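These are the structures in question, set out in turn.
One chain, chain A, appears in both complexes that follow, with chain B as partner in the first and chain C in the second.
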Partner chain A sequence: MDIKKYIKLLCEAAGPTGFERPVARLAAEAIAPFADEVSIDTLANVVAVKRCGIPDAHKLLLAAHLDEVGLVVTGHEDGFLCVGQIGGLDPRVLPDRDLLVLTDPPRLGVVCVQPPHVLKAEDMSKAIKQEDLRVDVGLTQEQAVREVPIGTPVVYRTEGFDLLNGRYVSKTLDDRASFAALIRVAELIKDKKLPWDVYFIGSSGEERSEGGAPAAAYETDADVCIAIDVGQAAVPDSTPDVIADLGKGPLLKVGPNFTRHVEKRLTALAENEQIPLQRVATPGRSGTDAWFMHIVKGGVASAIVEFPLRYMHSPTECLDFGDVELTARLLAAYALDPGKEALEC
Partner chain B sequence: MDIIETLKTLNACFGPSGCEADIRNKIVELAEPFADGIGTDIMGNLVAVKYAGTTRRYSDNNMNVEIPNAPRLMFAAHMDSVGLIVTYIEENGLLRFAAVGLVDPAALKGTPVRFGNGTVGTVGWDCGAEKPEFDSMFIDIGASSRKEAEKLVQKGDMAVYDTPTRVLAGDFVVSPYLDNRAGVAAQLMALEMLKKPAYCCYFVFTVQEEVGRRGAKPAAFGTDPQFGIVCDATLTDDAPRTKHTGTAIPGKGAAIKIMDKSFICHPEMVEALKTIADKKKILWQADVLQEGGTDGAEIRKTAGGVRTGGVSIPVRYVHSPQEVCSVKDIEAAAKLMAAFAETKPKF
Partner chain C sequence: MLRTLKTLCLLNGISGNEDEVREYIKARALKYTDDVRTDRMGNLIVVKHAAGNGCATAGQKCCPAPELNSERCGNKLPKLMIAAHMDEVGFMVTRVTEKGYLGFAPVGGIDPRVAFNRRVCVGEKKLNGVTGLKAVHQTPAELRTEIPKWPSMYIDIGAKDRAEAEALVQIGDSIAFHSDFVRFGKADGFVKAKAIDDHYGCAVMLKLIEKDLPMDVTFVFTVQEEVGTRGATAAAYSVAPDMALILEGTTSADLAGVEGHKKVTCLGDGPVLGFMDAGTIYDRGLFEALRDLATENKLPWQIKGRIAGGTDAAAVQKSRAGVRVASIAAPVRSIHCPNSVAKISDMKAGLKLAELFIDAVASGRIK
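And now, the complex of A and B:
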């Protein structure tokens, strides 16, 4: 499978939290050839199922979120757009960026910034604050108010490109590259005998709220939930607690909110399949869909598998294709052979 | 039940949030003789049930047994504790760590700790650091290389305080994790005392309270109660220069919860607990807490809503390796919970 094709297709689409449906349609279409059933639910979750054929089978749910961080128009000032955040992005990466303003049809915009020539010396070293950011769409005040109403979402606009050694840069690799990994999982298990039904969820709302994943876990009545997301990879000025490296294999989160038997099984399978695994201690809130899926109904066995990512939530996130492939293989191995405990719970 | 012996037994168990198997097994042992049934849910919550009237078995896959004509009451005491989790192992064998739950780094210097597999160590610190922070601290298990350390401890392994339980003057004890082993002891004692329950009583020992009240919600979903009582430690108001964020004082009785930062108790539950305490001459005080949350917040929101109150035990120096509380308060809390469970609800 050419996974880059799927990553490019999904990541370059626009779908910030709350406005995911167009991306959900693309994702549903992309996974359809590998699934028995595909639908999009009320909250814009993609729900694709691979059936095992066993009556009253147990259910594995693999969830990767399809929404992305973005901005939202909060007002107009002399034709420039004032913007607030959807999800957590760093205002320091925004000045001078080209953005896509999601009117119908979408239009381009650019983030205003003072040129260095006119900046005061003391302002040179200061980061611009979110509330001071303006987006220029080339309109007068009157036009802007009419054509770009308050509430219009705005997203990054990056075409993906390759770096050397199998590294790839794009916006929204968090977390649509994970959904591409799920398509790869679906391909790997397509003609295999499954011990349970496998649900592939392209979840909504992860960046902003409890999101769509717990609703999908509730609705599908899953027995084991695994969130597939991205983890911080070390960069030159990382703090010592960022210990994962790009290109060194998937990350397994370990900590209070993960179910022991799933964690153990994933570790054992990685060893069998010779997949290098990076253990990352997670003392509390994991910041992924698993945090909420875990306590749906009477509790659901949960885990998080991630691949390392550099420059998270920026317009130029960076991954390693090798990590994505290994993540998919690990999940496929688990889907095929989850062990006794998972099938008895 | 000998409260001090029970506290010692519980303190010898391992049970940081997410790794409650050891303490759960011990509580099963202590609760089983007095319960009509006992089971564990997917999250790891332990449920000991005592039925009103007819006895029916509570088993793992039988969470929603309906007992006719008896309202359902869920007691909840969290059995997990805060802890430390290994994030990185240095070349020289020292272990970097983060906190599981809320831990004040200032309380950690020189604290003996132990891991689930029995490995012991102490919390060391960087002498050049200006103030105590996790970044400048480490666990020293005596290993002199990463390789040696990794034979005993892996990234993601958790450690707990390895300080003992000791009897102080009066009725006071010092021990780590009185938050919430004091509540667990009180709930075990209430279960033991309970002779004629007016409710179908679920004594739930919850998991993962310290990392965001994670266990209580699924436990309440499973037991589907109409009434809830949370039994947890509460902050005290008797330290020098107190800011009066709490009202409870150790030794002054069971603290009837009125509110904490996570929820406000159902007024009818507060009234019922006060009335029953007065009638049974159980020493009580009001617990109004402006900081900190409890499992009650999650139980209250279950299904169409659950009338939820609380019986707290005032504990000094909460989350430190040396917490202090009064044994008499634990006893009073146990008596009050048992008396409540034996009194028919008026509402």
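And now, the complex of A and C:
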């Protein structure tokens, strides 16, 4: 499978939190050839399932979120757009950024930046505050109010590109590259005998927390949930707690959000399959769909498998295709052979 | 002109490394004149002779040998030079780290606030790279106001380590922003691209070279404007013009909430006629002539609301025994940024005005 094709397709689409439905349709179409049933639910989650054929089978749920961080139009000033944030992004990446304003049809916007000579010297060393950022759409005030109404979502418009060594830069690798990994998992298990039904969820709303994933866990009545997400990879200016490296395999998070037997099984399978694992201590809130899926209904066994990512939530996130493939292989191994505890819980 | 501008903006010409831009312009210019040379600094000097056998107007003789001063060959027309710079701001590789990242420094004036998470093009091999900044999750909200200094910034090319990076990249390699050319706004009346400053001026000159001109004009595509108008200094000496028109992109800060003269220039208000900036007090007579030509021909025009910035005019004006200088510039938002914005109507009016200027010099109206 050309996983890059799926990553490019999904990541370059526009779907900030709350506006995921067009991306959900793309994702549903992409995974359909590998699944028995595919649907899109009330909250815009994609729900695809591969049945095992066993009556009253246990259920594994693999969830990757399809929403992305972005901006939303909150007002107009002299024809420029005022914007608020959807999800957490660093306002420092915005000045002079080219954006896609999601009118119909979508249009280009460029975040304004005042030239240095109209600023005081000290202004240059300080970031522009998010509330002071304006977006240029080449309209007068009257045109802007009419053509780009308040509430219009806005996203980055990066086209993906390759770096050396199978590394790839795009917007929204968090977390649509993980959904591409799920398509790869679906391919890997397609003709295999499964011990349980496997659900592939493209969840909505993750960047604003407690989004669509818990609803999907509820409606599918899952026994084990694994969130597939992205984890911080070290870069020259990262904080010392970030130890994971790009290109060194999937990350396995360890902490209260994760069920011991799933963690142990994943670790054992990784060893069998010779997949390197990078363990990441997560003492509290995991910041992923797993945090919420864990406590759905009477509780769900849960885990997170991630691949490392540089420059998360920026227009230029960076992954290593090798890590994505290893992540997919580890999840496929677990789906095929989850161990006794998972099937008895 | 827009197609030419698009092609030029997508080429890279960091100051001191303008070859790619020059080769393209040279090939285009050679279709319209044989009189094309590159000087030792890399300036491209293109002489476009008057259409026909001599001047189209007033029966005046044109200079048969463009390298000679007009006076010596008895031509009463002033020797006219039109110039725009081929170089653009960018970066240069300054070091390679143990882990294979590249350190870099700006070439020309770049606001560090627009340097993060940018796609860049590194060196002759045109490697893809991205300028890094640790993720928002690793930066507490109160630190998201700090702008890192140049020496702590880095470029990620995906190299595994120093050895791999050093095999592909050399210290001193040029780094250009990667940015596409897009029309947008009402009636697609705006463009966004990198290097509109000053590939706009270059595009106008190419269009002028392609036209039948009423007099000989020496077009100079200069190098190294962004690091101190260095190419223009040498070119003005060798061309030895009587009069020079500089075509440029100039600062606009006509953004929301910016009042009055602080906008400097406004997109849509027409080409900017130079009367004074930080480097030059332009020839008053030429300024007034441009202003009158624009007004008579119903072209919009404006002047800068702030005495700031500079152009190649500063170097040309002081060349030899002095040169009369004028300038026409397109107002540009986010100038020196990867996503500069300009308005097509301003750029087209600038081209028209430059044509009118040549006609007025050729007819003797501007002396």
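We take it that the second predicted complex is superposed on the first by the 344 of 345 C-alpha atoms of A that agree within 3 Å, B and C clash if a C-alpha of one lies under 4 Å from a C-alpha of the other, contacts with A are read in each partner's own complex, and residues count from 1 in each chain.
The criterion applied here is as follows: a contact is a pair of C-beta atoms (placed from the backbone, for glycine too) under 8 Å apart; a residue touches a chain by one contact, two chains touch by 3 or more.
Computed from a prediction, not measured in an experiment: that's the story for all the values here.
Taken together in the superposed arrangement on chain A, chain B and chain C fit without clashing.
When both complexes are overlaid on chain A, the residue A:Arg92 reaches chain C alone and has no touch with chain B. Counted by residues of chain A touched, the larger count belongs to C, out of chain B and chain C. In the superposition on chain A, A:Val137 makes contact with chain C only, while chain B stays out of contact range.
Judged by the touch definition given at the top, the superposed model places A:Phe258 against chain B, while chain C stays out of reach. Taking the C-alpha centre of chain A as the apex, the lines running to the C-alpha centres of chain B and chain C meet at 130 degrees, rounded to a multiple of 10. By the touch criterion defined above, A:Gly298 lies against chain B but remains apart from chain C after alignment on the C-alpha atoms of chain A. By the touch criterion defined above, A:Gly53 lies against neither chain B nor chain C after alignment on the C-alpha atoms of chain A. In the superposition on chain A, A:Ser238 contacts chain C only, with no contact to chain B.
Shared-chain residue A:Gly284: touches chain B; no touch with chain C. Per the superposed model, the minimal spacing between any CA atom of chain B and any CA atom of chain C is 14 Å. Residues 239 of chain A touch chain B in one complex and chain C in the other.
Interface residues of chain B facing chain A in the complex, by the touch rule stated above, are 16-19, 21, 41-43, 45, 63, 80, 85-88, 96, 98-101, 135, 154-156, 208, 211-212, 214-215, 217-219, 221-222. Only residues 239-241, 243, 254-260, 279-285, 294-301, 345 of chain A touch chain B when the two sit together in their complex. The touching residues of chain A, counted against chain C in their complex, run 77-80, 82, 88-93, 95-98, 107-110, 112-118, 124-129, 134, 136-140, 143, 158, 161-167, 169, 232, 235-239, 242, 247, 287, 310-316, 318. By the touch criterion given at the top, residues 97, 99, 101, 109, 111-114, 116-119, 127-139, 144-148, 152, 154, 156-160, 164, 168, 179, 182, 184-186, 189-190, 192, 251-253, 255-258, 262, 264, 306, 308-309, 333-339, 341, 343 of chain C touch chain A in their complex.
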